[in-house]
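Chain nomenclature is as follows: A, B, C and D, assigned in order of appearance, with residue numbering initiated at 1 for each chain independently.
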Amino acid sequence: MEILNEIIAKVDAMKDDLIKQRRDIHRHPETGWTEFRTASLVAEKLSSYGYEVLVGEKAVKKDAMMGLPSDEALRNAQKRAVSEGANPDLVEKMTGGLTGVVGIFHFAKPGPVVALRCDMDCNDVTETSDEKHFPNQQGFSSTHEKEMHACGHDGHTTVGLAVAKILSEMKDELAGTFKIIFQPAEEGVRGAHAMAENGVVDDVDYLLGAHFGFKMKHTGDIACDVTGFLATTKFDAAFTGKPAHAGAAPEEGRNALLAAACAALNLHAIPRHSAGVSRINVGKLIAGSGRNVVGDKALIQLETRGSTTEINKFMEDEAARILNAAAAMYGVDVEIKKVGGAAGGSNSPELAAFLKDKAKEIGIFKNIVGECDFGASEDFSYFMEKVQSHGGQAAYMMVGAELAAGHHDSHFNFDETALAHSAKMMCYSLSQLLTSKK
Amino acid sequence: MEILNEIIAKVDAMKDDLIKQRRDIHRHPETGWTEFRTASLVAEKLSSYGYEVLVGEKAVKKDAMMGLPSDEALRNAQKRAVSEGANPDLVEKMTGGLTGVVGIFHFAKPGPVVALRCDMDCNDVTETSDEKHFPNQQGFSSTHEKEMHACGHDGHTTVGLAVAKILSEMKDELAGTFKIIFQPAEEGVRGAHAMAENGVVDDVDYLLGAHFGFKMKHTGDIACDVTGFLATTKFDAAFTGKPAHAGAAPEEGRNALLAAACAALNLHAIPRHSAGVSRINVGKLIAGSGRNVVGDKALIQLETRGSTTEINKFMEDEAARILNAAAAMYGVDVEIKKVGGAAGGSNSPELAAFLKDKAKEIGIFKNIVGECDFGASEDFSYFMEKVQSHGGQAAYMMVGAELAAGHHDSHFNFDETALAHSAKMMCYSLSQLLTSKK
Amino acid sequence: MEILNEIIAKVDAMKDDLIKQRRDIHRHPETGWTEFRTASLVAEKLSSYGYEVLVGEKAVKKDAMMGLPSDEALRNAQKRAVSEGANPDLVEKMTGGLTGVVGIFHFAKPGPVVALRCDMDCNDVTETSDEKHFPNQQGFSSTHEKEMHACGHDGHTTVGLAVAKILSEMKDELAGTFKIIFQPAEEGVRGAHAMAENGVVDDVDYLLGAHFGFKMKHTGDIACDVTGFLATTKFDAAFTGKPAHAGAAPEEGRNALLAAACAALNLHAIPRHSAGVSRINVGKLIAGSGRNVVGDKALIQLETRGSTTEINKFMEDEAARILNAAAAMYGVDVEIKKVGGAAGGSNSPELAAFLKDKAKEIGIFKNIVGECDFGASEDFSYFMEKVQSHGGQAAYMMVGAELAAGHHDSHFNFDETALAHSAKMMCYSLSQLLTSKK
Amino acid sequence: MEILNEIIAKVDAMKDDLIKQRRDIHRHPETGWTEFRTASLVAEKLSSYGYEVLVGEKAVKKDAMMGLPSDEALRNAQKRAVSEGANPDLVEKMTGGLTGVVGIFHFAKPGPVVALRCDMDCNDVTETSDEKHFPNQQGFSSTHEKEMHACGHDGHTTVGLAVAKILSEMKDELAGTFKIIFQPAEEGVRGAHAMAENGVVDDVDYLLGAHFGFKMKHTGDIACDVTGFLATTKFDAAFTGKPAHAGAAPEEGRNALLAAACAALNLHAIPRHSAGVSRINVGKLIAGSGRNVVGDKALIQLETRGSTTEINKFMEDEAARILNAAAAMYGVDVEIKKVGGAAGGSNSPELAAFLKDKAKEIGIFKNIVGECDFGASEDFSYFMEKVQSHGGQAAYMMVGAELAAGHHDSHFNFDETALAHSAKMMCYSLSQLLTSKK
């Protein structure tokens, strides 16, 4: 119990720093693939703690990146990051949106490779100007229009940095290797894939991750046995036909609007899957140019989901066939682009049980819930799948935090006392995995 | 006017024979491609009038036949024809449904090739047992269940034979060549194509054809300037998917029923054509095996039309693409079969004007109408198109006849006095075309 | 254990009778609502054992019957039943398909109301003429074309009669009331509803039912804890439009074919339900009269399912709205008829555990499996839902039996030694429920 | 011929004024219902010529106006008009977009009521900045962004004012009443309806109208016998459903996106009409908010057409039913708004023949074409229909003019020498109708 007491003392000592750090990140939110300031900050801190640090193409596989912003948006975000204090050399290395960071710490004694994954990106939301909104009262609300940390990733990054510092300070008591992964673009489930494909968890024996709030809405709650990650794939399909005057020569048109409408209907008729949960949604359809013109352009945005990667693959294959057939149906072209995705999965049961025990031992959690069905998608699952597929164990926790409003809402905020809860839980669990035995 | 008087006298002299002949054919109706008895009768009579007679593969191009009955149905019809008095040798030559007959008469003096086309098949209709129905009163109603001359082709064949006889008797007064074409399977517009493809009108300078009734519902009326034949194509599309239990494993099915439904909807959404009339109809859709099984089989029967052959071609091409795309949409197979078709077109104006003049000269028509829009499909148009395309002239007439009920109705009957009208009009017009001058 | 030994002895003594009885019923299969001979036989036997017997409207609620055959078919089946030895008075009472039978036995000592449900109908299947087929070898195959016991209900009825006899013979050892329910029309899940609505299980404390085979394919296996009955509803929807010539006046038609196609596609696009399994299937679509006629008639057969009655209700409501909207879309009428249905549900856990214990005690089962997911629909669930909803307990068992081919297959047959297994299990379990204590 | 010579002289004398006037209007284009400057100019000039002038609600029926801009847009346009020299009192009277103007001139001698209709609005097009564009070379191109006279209405208004002036000067030679109608919002066929409904042509015996260019692309050509105006109706349909998370609770959504898609497909499947040309086009479909949200909002913009008002009415009724049914199909609401429309029709043959004669007499037209099929929609047809329905005659002419680019193109310009052609034709034709005899 010596280690536990040491960790609790260390975290309690840095409580104010945690809040300060979180608020700094909150004021400078950056959306997926543009986390140049955040990632630079992370990289510099990790270096200062003695970590080997991977950035740029060492952290992210370029051609596996999904849902990238335009080159112009990326360049503007780089400039802004530098103007807001980011290290220009690091920002330069991240050109093209390569904003993932990996920190590695080799302890002297041999032991397992244990990893923690954090996410850094914000949402496409403009933070409320409501005076009662806590970040407004305390003066740390977003300084970027249409960008806001409305999902708590500012907290995740903050906790990650604290854990990295504490474990580095405890290096004589630990064994094996600690890897800390800061990923970009979790929103839209776009970022994990490109880091996982770069092999960053290929040698990992134990992987942890966590989210504030979600189904744990009370500070002091924790869920260690999370199941039911839905695998998901995000597509954009752009149909291109031929315009024609709808009165004078309708037969000369190639109707992309109807192709998209036809696709939408038939996509929703993909059969249910008997092996588990499946989902399909065409969430956006923008088509046509004018009332009296045969619609020559159409864009649809859709997503598939499945309670297993296989079911999602079934949905994805059906969707692709249907999109192509809908184009053929109206004699138009279609370009289908995969713009995001996550694997399905569930926590490794043994690791989940281990975490529950640790949570009890810490003694700060009022309510340690049992199995918790996630029922949604998080691209942590890409890392989880990789680790589990080579025989490792992975687990995702939900750390309870009182919320001011739902996730992705412009009034979102979380109870900052949860920062210390999460830091303690992570440090203690990781320390108990970073041993030569077990 | 000598010739006209001669013709009138000849027709008037055979009035009773006309009625007798028509009633014999009416009693023994034969549907498309099974006109073994009728065609044998025609072939024998033409031979006896001195015509060179082409039957079997000399009259009909085998691989251009559309919408054939089953081999069994054909064989049964052959047996029945023989049992009803047909010449077994001729019936044998027509094996496989080759029931077209061409009669050729070369006159001594040189002159144009002039043709008359008649159709011989009946409808898939069971004649009414209503006692007031004229054929029942006179005892000449159909002896075949589900077969009835409900469109007057018994009359057309009768008139054709009379015209053939009279013109052969007038051989010293005529010049050039007379061809008389008796085609099978006009219903479903299936038969003309296979004779036209065999070249039977390739040398024809003038082609005539006629129909009783239709838009001319009063005996004594005649229309010589018929326009607006709708080109048409008939398709069957059979979709084959894979059955699966709809409760236990819906994802294992390949849904042919939905593919057919999807095809039907999108076929009807083929754009209108600015160059003229277009039509599409899916008239039948039969799909699925059981309520709780993913529908693995589906059949649809459809047709396209167009006021020109080009418009119909547009519709046909669109339909084919849509049928294939609907199959792709549901991952099923589709087999598309063309089962019928007719060209579009209009009477040659010069020949129409000539016929109007002849109709006036005969003096038996009370009402010679002007342009008459056909607005439907008749496979006479296949012959017409061929003749017109090589510089010849073609015209289709409607010969007025009081009707007991509409065409294809089980109560259909036409005023038999129209038989003589038509025979006179045909003989006189043809005689005026079969001259060395003109 | 005295009772158990007594039961085993009694059943063993009647083994040959069980087989004889089963084969008699097998030779005279009757489809849903036409079980006149079977039901008469059952009613007579129950009477002879001293049961109070309810037939006709006392057993079945007339206006709750779903999926009835035509009046003619019912009358013909009545005549046949009498010709095959059925009691004419009983058959008369069942006129209109009222073929349900309830037997009631009041024991002297007070106690619970305990019920057993059996089903009597056969399938719409013609039994194979394969010489190797056991019923052919033994000369007891179906004497009715297109009717065959291909789901083992002949066995269920046989076991039911044996249980009724044995329990009546043990009347001095038992307490409370025994009710035995013989239902018609289980196939298509049509019959239970009309008996449940008549209140036949309103006073039941414990309800048992069973099926041979299904997921228990080895004689000697048994499943007592069956869960996951899918609630289901079966609909027929008949669309009526207006025919019109597709070439001459398409705008005058009202297209029932397209309404049905439109309904089919949109039915399959009913959203998935997050609370559990949902299903939709349009398994049949028959529409249109001729290729060139706007389709004025269409029939579709569909079913919805849900892992709970609520989810199925959601599907059912959506389906009804969509069918009506599809009719409105094409300006046609639609008549929607519910032709079958079953509730969702699972065995009462306490009763399931009790049955497992009894199965062990009997000592004849080699393999007593744990939870068994039914994953399909059986209208036993209607009775189960009623009993559970008023605080009673219900359980459905699967009794292992080697099968010659799958259920509903023309080669289906089951190992007749399973008859005794089931009779023993039923008698013993029921006897242990029919006590004054517990 | 005295009158003709007088007219020719008068027009020739004002040639420069015509061009100056046209260019002033061209520089200040105003889109539909915002023609405050143009209408004020017209009203002032008509007053100065001695006309009785109707503006505001005397000219336009408020609740029959279709496709109005927002209140803000109208107010801004009013301010701009005043800032560009419009009479503030007149602009005030036109508040709300009441920009129609009617001028009435009663001649001393009794005679028929003869009217001329002109249109004043411009297109939603930004005029090209191409230096070679004639209006740029001559310095009279549009000073308003996104507004341009790209359809020649600047010329129509100019000619109308010239005709009004000349006929007023010839008052002693004419009889009856002359009415000149300047309508707003011809683009989108929105304006005529609201003036026709106000009764402005209820007393008109002869109505003329004209367009530069269109099918007459050579200066010196003229078409007097225009037929085949397509009746048309423009709809907006807004669907409102309920959003829901597509992964977590799809069944809670009400899918407006699919309702709109379903509407689009089924609208295009409205049957063709045998009585003439029909058209349907869904030209725009905008739906949904995010990829992972059930689409709760959708907007579609559509139009129907027909070669007669009856056919268009059929299309319109079908469309309305389908839109409502599509909403019902997905349990969403729909609001349907008619935003434009025009009647079908053809020139009165007698008046067309009269105009041809007058065109010949003038002697300035090189090519007077025969029947000219319009094949599109113009809301002149609303006035035409009203006049013809009470027994009057109406005709629309196309006055040839060399064009720099097609109508509605940013490079559009027409040969200004056509202004005089049109003025002469109008003045002479109107003068020959404004007589006591005829």
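The definition used in the following text is that a residue touches a chain if its C-beta (ideal position, glycine included) is under 8 Å from a C-beta of that chain, and two chains touch if they have at least 3 such contacts.
Computed from a predicted model, the values in this text were never measured in an experiment.
**Student:** Which pair wins on C-beta contacts, A-D or A-C?
**Tutor:** If we tally the contacting C-beta pairs, A-D comes out ahead.
**Student:** Where centres are the averaged C-alpha coordinates, which chain has the largest centre distance to chain D?
**Tutor:** C
**Student:** Approximately how many whole Å separate the CA-defined centres of chain C and chain D?
**Tutor:** 70
**Student:** From the mean C-alpha coordinate of chain A to that of chain D, what's the distance rounded to whole Å?
**Tutor:** 55
**Student:** Report, in whole Å, the distance between the mean C-alpha point of chain A and the mean C-alpha point of chain C.
**Tutor:** 50
**Student:** When you check chain A against every other chain, which residues touch at least two of them?
**Tutor:** 248, 250, 255, 258, 262, 265-266, 268-269, 271-272, 274, 279, 294, 375
**Student:** How would one label the connectivity among the chains shown: line, ring, star, complete, or other?
**Tutor:** Complete.
**Student:** Under the stated contact criterion, what part of chain A meets chain D in this complex?
**Tutor:** On the chain A side, the touching residues are 230, 232, 234, 246-248, 250, 255, 257-258, 260-262, 264-265, 268, 279, 281-295, 298, 301-303, 305, 375-377.
**Student:** Going by the contact rule at the top, pick out the chain A residues touching chain B in the complex.
**Tutor:** Within the complex, chain A contacts chain B at residues 248-253, 255, 258, 262, 266, 269, 271-275, 294, 314, 318, 321-322, 324-326, 328-331.
**Student:** Touching chain A in the complex: which residues of chain C?
**Tutor:** Residues in contact with chain A: 265-266, 268-269, 271-272, 274, 277-280, 375.
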